[in-house]
Structures are given as C-alpha cells and as structure tokens.
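Some structures are shown below for you to check.
Consider the two complexes below, in which subunit A is the common component and subunit B and subunit C are the respective partners.
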Partner chain A sequence: MNALKLDRRTWFVIVLLAALAVLPLVAIATDNDYQIAQFRRILIFAIAAVSLDLILGYGGMVSLGHAAFFGVGAYIVAILNWHAAREVPLFGMMLGTHNVLVTWTAAAMLSGALACLIGLVSLRTSGIYFIMITLAFAQMVYFFFVSLRAYGGDDGLRFPGDTVVLGVIDTENDVAFYYLVFGILCAVLYATRRLVNSRFGLVVQGCRENERRMKALGFATFRYKLACFTLAGALAGFAGALFAANESYISPSIMHWTRSGDLIVMVVLGGMGTLIGPVVGAVAFLFLEKTLPDYTEHWMVVFGPILLLLVLFARRGIFGWFLPKEDRHGGGH
Partner chain B sequence: MAAAIEQATLLAVDGLVKRFGGLLATDNVSLGIREGEIHAIIGPNGAGKTTLIAQLAGEILPNAGTIRFAGTDVTGLTVDARARLGIARSYQITQIFKGFTALDNVAMAVQAQDGHNFRTWAPARADENLRKPAAAILERVGLGARADVRAVNLAHGEQRQLEIAMALATRPRLLLLDEPMAGMGKDESERMTALLAKLKGEETILLIEHDMDVVFALADRISVLVYGRVIATGRPDEIRANADVRAAYLGDGDA
Partner chain C sequence: MSLLLFLEQTLNGLQLGVTLFLMAAGLTLVFGIMNMVNLAHGSLYMIGAFFAASFTQWTGSFFLALPLAILSTFVVGVLVEAIALRTLYSRDHLDQVLATFGLILFFNELTKIVWGPISIFMDVPPLLAGRVELIAGAPYPVYRLAVLGVGLAVALGLWWLIARTRLGMLIRAGASNREMVGALGVDISRLYMLVFGLGAALAALAGAMAGPIYVVEIGMGDAMLIKTFVVIVIGGIGSIRGAFVAAVIVGLVDTFGRIVPAQLGLPTAIAEMAIYILMAFVLFFKPTGLFAARA
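And now, the complex of A and B:
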C-alpha cells in the first residue's frame, strides 16, 4: 500500500515533467509558437519558487523580500549586456559582456552576497519581525533601482537579447532556449533534492521544527540558516538572470514586494516544503493569472477564494494531494 | 578530603544571582555537581528551579556569579557552545522535532555530536554513522519499536523518553532534566523512573522533580531551593532530617 502511494507521487512528478518537456512541441504543432517565451517564463518562476521554498518550506523562514534577489540577478545581466552593447565602460574600467558564463555567474554570486548581507541582519529576528525586515530590505533595493536613472529608473532597461550560451544555444531560438531552461530546472530540482536530504538539509529543517532544541543539541543555528538564506538568494538571482535573458527588458517592478508575495503564493499553492510543489504552483499561478482575466476583470475575486480554500483544506497545496497521507501536513521530505 | 571533592566536581556554581525586576529569582546560589551523581533540586513552586537550570544551560544569563563546567568558565557562553562542551538538557515542556520520526530526532542529536553539518550532497538518512548509534540509543531508552513513528504521534510519555534519548545521543557529560515526569500518568512515570535508575551511575544528572518518592529513591544528593536560595544540600537522609527543610518545604511533623 505504501509503495502504491509512493508511486502516485512519482507518477505525478513524471507526468508533470513530461508535460513540460513536450509543451513547446505541442505549441509548434498547434501554431502557438509565440507562447513559448511565456512557457519559459513559467519555468523560470518555478526555479525562483523552488529557491524560495528552501527558506520558506524547509527553513521555516517567511521572507517577504525574495523578489529582490530575483530582480538584482536580472539587473546584473541587463546592465552587463547594456554596457557591452553600447561599449560604455562600467566603473570606468571594464566593459560589459554578453557572455552568460560571466553574466549568469555574476548574477547568482552578487544576489547571494546581497542575501548574505540582508540575512546577517534579518536572521537575528524571527516571526513577524523577520517578515517585516525582509520586506523593508527588499523595498530599499526596489527604490534603489527606481532611482537609478542611468539604467532607466522607473522605466526599466531594454537591452539586446541575442545571447549565445556556451557557443551552442542561441537565446533567440525559442525552442532551444526553452529546453535549456527546462534542463536547468531539472538540474536545480535534482540538486535541491540532494540538498534537503543531506546533513545540512536536515539541520535546516530541524531549525524549522524546533530551533530551541537545535541550540540545546549544540547547533549554532544562525550559520546554517544564513547559509540556506544565501543559497536561496543566489538561486533566485540565477532565475532572475534567466528572466532577463528571456525578456530582454526589465524594470524595477519585478522586485516590487507584491512580486515576493506572488512567489509565496506559488509555493503555498503548489505545496510548501516539497520541491515539485513550487513548480506546480508556478505553473498553476501563472496559468490562472493569464486565463482568469479572460473571463472577468475582477479575476482576483475568484483567485483569492481558491487560494483560501487551498490553504484551509490542503496545507501542502496541490502537490499535497499526491503525497502519502502522513506527509500531507507538516514534516518534510 | 576537600581536594578530592574539588577534583570530582563537574559543575561548580558560585554566587549566582538573577533578578527579574524586583524579584530575586536566584539568590546567591552556590552548588557543586559531582561527576557521576544524580543531584536533585527540589523546592516549592516558584522557588526558581527552572530559572536556575536555564542559567546553567545558557538560555538566561545571570546578573552575577560564575558557572564553571569541567574547569571551564561557561558563564558567558551561548546555549549551543555549552551543549558542545557536553551539557545536554530536557525541558519541562518537551522540545522535540514533532514532524520527524523518532529515529530522525535522535539521528539529528547524533549528527550534532558527529559534525559535518555542511555536507550538502550525501543523503543523511542513509548514513550508518548517524542511524546506527541513533537506533541503539532508542533501544536503550525503550523506544526501539517506535523508531519510524513520527514524534507527533508518540504518546506524551514516549515523547519525554525521546527527549532524553536525544540528550543522551549528544554524549553529554552532564544531563539537566527539568521535571521529566511532568504531566505523566502512573505507568509512564514508572517507566521513566526505571529509565533514570538505569542511567544512575552511568551519567551525571541534575534533576528537577516534584515527585518526592522518585527524588528520594534516585538522588545521591539533594539541594533544596526556597525563594531562590539554597537552604540545604545533602544526602537524602540528611535532607529528610534537616529542620529548615521540614519547616520550609516538606511540612513539619509527619514527613
């Protein structure tokens, strides 16, 4: 019986990933090629949602500022590309670059560094204070980019988007770029799965379950939470880098606090404390956000109650229905 | 004689003072816990027992006084630093990982002692270095058959046994047990008493407990705390015979 239930979960994951894998082919076959960029965006937000779930679902840290890391990653790619296209020196010495090995790595590393700095301060608090302080930091970052006139300020920044990844995949090629993002998502899912089941992953989950007990066992909990927060920030920044490459245009609105809220909704909707959950949540959220307005302009009135019902009756979100009964509430795997 | 006792003292508390506003919760407490003994602290409600244990564990910092553990001054150290030196504890309200299985709970405690906590790739639940010792300790406290049950689904008494298993798994030099029988039924209490009796002589234990039968049966020495002050320390028979203790706590006459 246990094996049967486990199959249910595994089947769901296989079907979901297979559906995502054939999506662009279906789009082409049905003359909907123009939607592939939209599908890529879903996968990119799925990566961002997975990164948020590392701290939210596994670490128990409710951050309302995760979009800031996503946005900073996107801006770093945009700014480096913009400089390279215009041949304007950055900081008076180096030129920008189109090379994704540089831009995407820089996006992840700098977002991670920012997360580390914000975490150093925020993680000294918990509960509602942590929510508010991460929100405050994220809004500071948001307003910093709003006032950054050189890079478009409020209007955002447009830059040439023809990036060639490792000399093979041209981001102008819709389908190739889709499979690159899909491959990255699968790699992220595999790596985060190893992570949450490792010694480090269990320590982080122990902090969520009972931080007092962790300290009494001898764990210096702060450093593990900070490492997790930093890692999640770096991964969000990496997702932001993919987003910038996907859009060729970004504006500060992508790091507005409501975007952080959207990411939380994706995680909760799909299934907090699971890794597939955020992917499901991103797909469902962006799909509803796209289709509900076709029926009514007051689509939020419909979307709100759906969310409320899910939180009330399925604490593990949509993916929770496919989990063994004892895994549906709390705990973590 | 004095030198011999000094040598055997694992935890030495000297002149400890803790004030909460106008309330003197710990009033110039000096205590010595000897290696290998069960040292009970008794006293009426509000005597400051839990405040004292919280200062020993590092959750509350004293206003004055020193705490030396195995020759090291730990007065200013954090909870986790003291835990790494070998002070483990259980709480009056059980502190466990409710969403984890019993075995995962203890394995986490083993991991605290084993280290390598920044390993991010190898699956920890398949790690024999964590699972084997954890299973052995569950067996030792009598929860061997409950290893795969989630802690939240364990009975109250079993959760308390689990908490002690976790404390033992860190291979502590000193166990601080804050009312291990609190809220337990008769059967559960008896099982816990049997477990503590088994640990007697193997572990050094500081025990806070309200059940006097248990205290007098298990403790090598007893300290009596009243209004934050230690009014007497001695062997059970000495405490029973002590006039101050009888007046303040045990009730005069028929004790």
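And now, the complex of A and C:
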C-alpha cells in the first residue's frame, strides 16, 4: 500500500502515537527524566478515557460514575500488594501477591463484575435517571473506600510498588514501564477499534441511534448495552491497576465524582466516539491541568468557561477538527 | 437506642429533609420542565450561604441578610440561565453535564477569589439561640426547629403556588408536556427563567439557613447536590410531591444511617452509603421514581 494515500485520520493517529513513543527519549535527552512518571499517568488516563468512550461515544450512555471502576481496579492492586508486603492474610485465608498476572487480572475482573452489577440496575433507566444513578453508585463505592479504615480510609493507602511484570519489566524502571503502558494503550486502541466495528459494536451503536428500532429488529438491546458497560468497567479497572502500579499510593479521591467528570471532559475535549480522540483529550486535559496553574492560581475560573465554550462551539473535539467534513459525524468507520 | 435519642434524631432527620426539599424542589422542576441536567445547582446553595454570611456581617442582622441573600442569588440564577444555560436546553444531556460541570469549577473558584479560601463560621442569630425542651429531658436547639418550621412553611407555600395559582398550573403543564404548553401560546422562555430563578432562590434559602448549622465553605454545595439528586431520582423527576416525600425519607435514612449501624454493631461503612442503597432499591422496582410526573 502506498503510504502517501493514507487519509488524514490515519496520519493523525500515526503522528500522535509516534510522538508518544519518542516522548521519554526526548525527556531523557533534555534532562527531564523525572517527568516520565507524569507521562505514564497521561497514558493511563488515556486508557481510562478510551474505555469511557466505549459507553459514552458508541453506546450513548452518559455515565457520571466511571471513575469508580478505575478506583476499584487501583484499590484491588493496592490491597493485594499491601497484604503481600505485610504478610497478613486477606479474608483470613489467602495471601496477597505482587504478581501482576494475578493483581491486574483481578482488578479488571472485579471492576467488570461491579460494572455488571451496577449496569443491571442502572440500564433499566435512561436519560437523566441514568446519569444520576451512575453518579450515585459511584458515590456509594467512594464512601465505601473512605470508610475502609483498615486500608487507610480517607488518607489512602501506600504500598511497596516495586513490581516485576512477567519477570521482564520492572516498574521501578521508568522508561521500560512507560513502554509497557504505551504498548498496552496501543493494544487497547487496536482491540477497541476492532470491537466497535464488529457486529457487537454495530449493535451497540444502533442502540445509541434508536434503541426501539433495534428492539424491533429482534436484538436483546439490554444485554448488548450491559455487555458494553461491563467491558468498559473492566477496562477502566485495568487502567486503575496500572495507575496504582505507577503511583504506589492511592486514595479514595481518585474515584471522587469530579474525577468521573474529568474523564468525560477528556473524552469530549478530544473527540467523542473516535477512540483516538479520548487519547488526545487525556493528553490535552492533563497538560492544561499541569500548566494552567503556572499562570494563575485560579486557573479553574478560566477552565470552567473553557468547558462551556467547548460544549457550545467545538463539540467535535480536537480530533474532530482534523477530520475531513464527511467524517465528522463521529462513530466508528 | 433510647427514646430521647430517637426523637432528637428524628428531628435532625426532618430538618435535613426539609433542607434537601428546598434544594430538590427547584431542581426537579428544572429537570422535569426543561429536560435539563443542571449540576451547578449546588453552586447556588453555596453562593446563597456566602451571601448570607457577608450580608450578616454588613447589616449585623441575620434576618436582614436572609432576604438579601435570596434576592442576590435569584439574580445570579437568572443571569446564569440567560447567559449560559438557555442555549443548552435543546442540547443533549451530555452537553448539559459538561457545561454545568464547567460552571461548578467556575463558581467554586470565583467564590475562592471573592471570599478567600478560609471557611466562614456563622453565628446562630441571638433571637434563635439556645435550646428548648420540646420533650422533657431532651433540649433541642431553637435554630434547628426554626429551620424545620421555615422549610415546612415553604413547602406549604410551594404546594399552594403549584396547585392553586395560574403560574403553578403552567409549571405543572410544563412538567408533563412542555411542547404542548409552548404550542398553546405560553411564553416558554419566560416561564423557564422564572422557574430557574425560583429554584435558585430556594437553594439560596437552604444554603443561608444551613450556614449557622454547618460551616460556610468552598464546595459545600457539591455534597448537598448529590444528596439532592438522590432525592429527585427517588421522588420522580418533575414531581414536587415526590421531592417532598423523598426528601423526608432521605433525610431520616441519612441521619439514622449514621447511628443505627454503630449501635447494632454493623460496619459503619453503611452510614454514608445508606441513601444510595435506598435509591438503588427504589429504582430497581420503580425505574422512574415514586411519583414520576411524566408517565
């Protein structure tokens, strides 16, 4: 295939991923190594934002509680690590573990299971009710962890974060861990792209456009939406697991409801329903969050109205501006 | 639990309930009539409290400050509606969530700029200071009783407004079918502005009265906002009656949720979670709440 014939969308993706790929090398060359953990955090939030895009952009489900799944994933990794380090049995029988095959899988599975439970109740409703219910469930989870005194409660939980992934990659090694997260992000982007263009993905998008029609066509729409919601929850939990490994410290504040709001902002800022857009959104959001305070302590007073203007005038998001006109209706292609 | 503690906590629960009702009454109408998600309602609660604190300082009287705070917040509410929210009514819920999320950030920060980051402690007005023995052996703060009384009076007034006046009739009609009301020649945008202003005034009243009980601080509206959502969802969007019933239930459940588990030796984690569990339970059986305005 002739590389020159690639469309703008593909070029954008290539340039973006290439830029993310050389980022740590640039940081090292310019003596900014200390920022690599910061960059990893951006990639991790990008994964969480992509997972939210599955339900928000493709499923049309406005969930205001996505940070809960992220937080639960992070807590599971933290708790298992904490038990392993202290050699205190969990539930009086099993020991904790540092093995990421166990901790990261458990994080994704349990967040997915929680998403499934929450989805079972929430997806019975729609519209404003759905927004409120996802928010309320997230609050429930948030307060649950706030009141877990054994694991630090409000103050959060610090745990030994030195983990070796599959006997190869040490999370203490800044650059190696960065490329691991980067590789995971690429894999997630590839897998979700395949998913949204699959039969399953098309049915979910059909539900977004007109659920009644999909029902009339004989699809069990509830099941499709629930599966999508569960999957997004599991993926967010997985991102949370990476976050815990990155920080070696977590507190309930990562699942505060404003964090769910931040995730929505990332998705819409970058371009909803495009998968790559949320990655751009996460980069832009965390960049603004880091740099705006340098100009004014009261940066939120600027950032709030920016959101309003974004909604009113730039609904397609950053990625949307790069797409040719006919591509601009969002959704999978 | 002793009987005295039970009665005292019931009063506390009712008082939280009426405060929640003041918040929920306006917001449920905004949700119901304009089909609009407004996350910034908690900001109006906070602004009302800060206005009340400042006006109390300037005028030296809480009772003068209260109407001034309500009026100022009414003006803020109407301005916000005219500048930012009006264009959002026709947008989808996601846009509304994002835009009003931006408004929360804006108002929290603006409040910090204007009033500073330090919490303000308001004194209970001298006239309402002290305690009264409603039940022998259980002295109860007069101020909290006054809040309860004002809340109930406003609830009654709202019922009259909604059920007995022409404006109320339009509001009810708007909650069940706003296109039809517009088609019948009612100036919908003025109705919207009035409803929004009314909601802002009620939120300000709730915030101003809460000032002396809790503490006036940045972000005080956020926690209240989410409890208000729970009330609205349980009561059914657009229903004032539902909001009242749900507010009382949520107020009582939240208050007793903090005491009962500890006394029964259950984990205290249930305390903050109680109202959300209640909500999940209600919605599982009635996905549109107890008294949905729109069938």
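Rule of thumb we're sticking to: the second predicted complex is superposed on the first by the 322 of 333 C-alpha atoms of A that agree within 3 Å, B and C clash if a C-alpha of one lies under 4 Å from a C-alpha of the other, contacts with A are read in each partner's own complex, and residues count from 1 in each chain.
Please note the rule applied: a contact is a pair of C-beta atoms (placed from the backbone, for glycine too) under 8 Å apart; a residue touches a chain by one contact, two chains touch by 3 or more.
Bear in mind the structure is a predicted one, so any value in this text is a computation, not a measurement.
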item	value
Contacts of A:Y129 with subunit B and subunit C, given as first, second, both or neither	second
More subunit A residues in contact [subunit B versus subunit C]	C
First (subunit B), second (subunit C), both or neither touched by A:Q139	second
Which superposed partner A:G240 touches (first subunit B, second subunit C, both, neither)	neither
Subunit B versus subunit C as contact partner of A:A227, first or second or both or neither	first
Residues of subunit A contacting subunit B in one complex and subunit C in the other	none
Touching residues on subunit A, where the partner in the complex is subunit B	194-195, 197-203, 205-206, 209-210, 212-221, 224, 227, 326, 330-332
Complex contacts: residues of subunit A adjacent to subunit C	56, 62, 64, 121, 124-125, 127-129, 131-133, 135-137, 139-140, 143-144, 146-148, 257-258, 261, 264-265, 268, 272, 298-301, 303-308, 310-312, 315
Residues of subunit C that touch subunit A when the two form their complex	31, 35, 37, 84, 87-88, 91, 93-95, 97-99, 101-110, 112-113, 222, 226, 229-230, 232-233, 237, 267-269, 271-273, 276-277, 279-280, 283-284, 287-289
Contact set on subunit B toward subunit A in their complex	57, 78-81, 83-84, 88-89, 91, 95-100, 104, 107-109, 111-113, 116-125, 127, 130, 150, 152, 166, 170
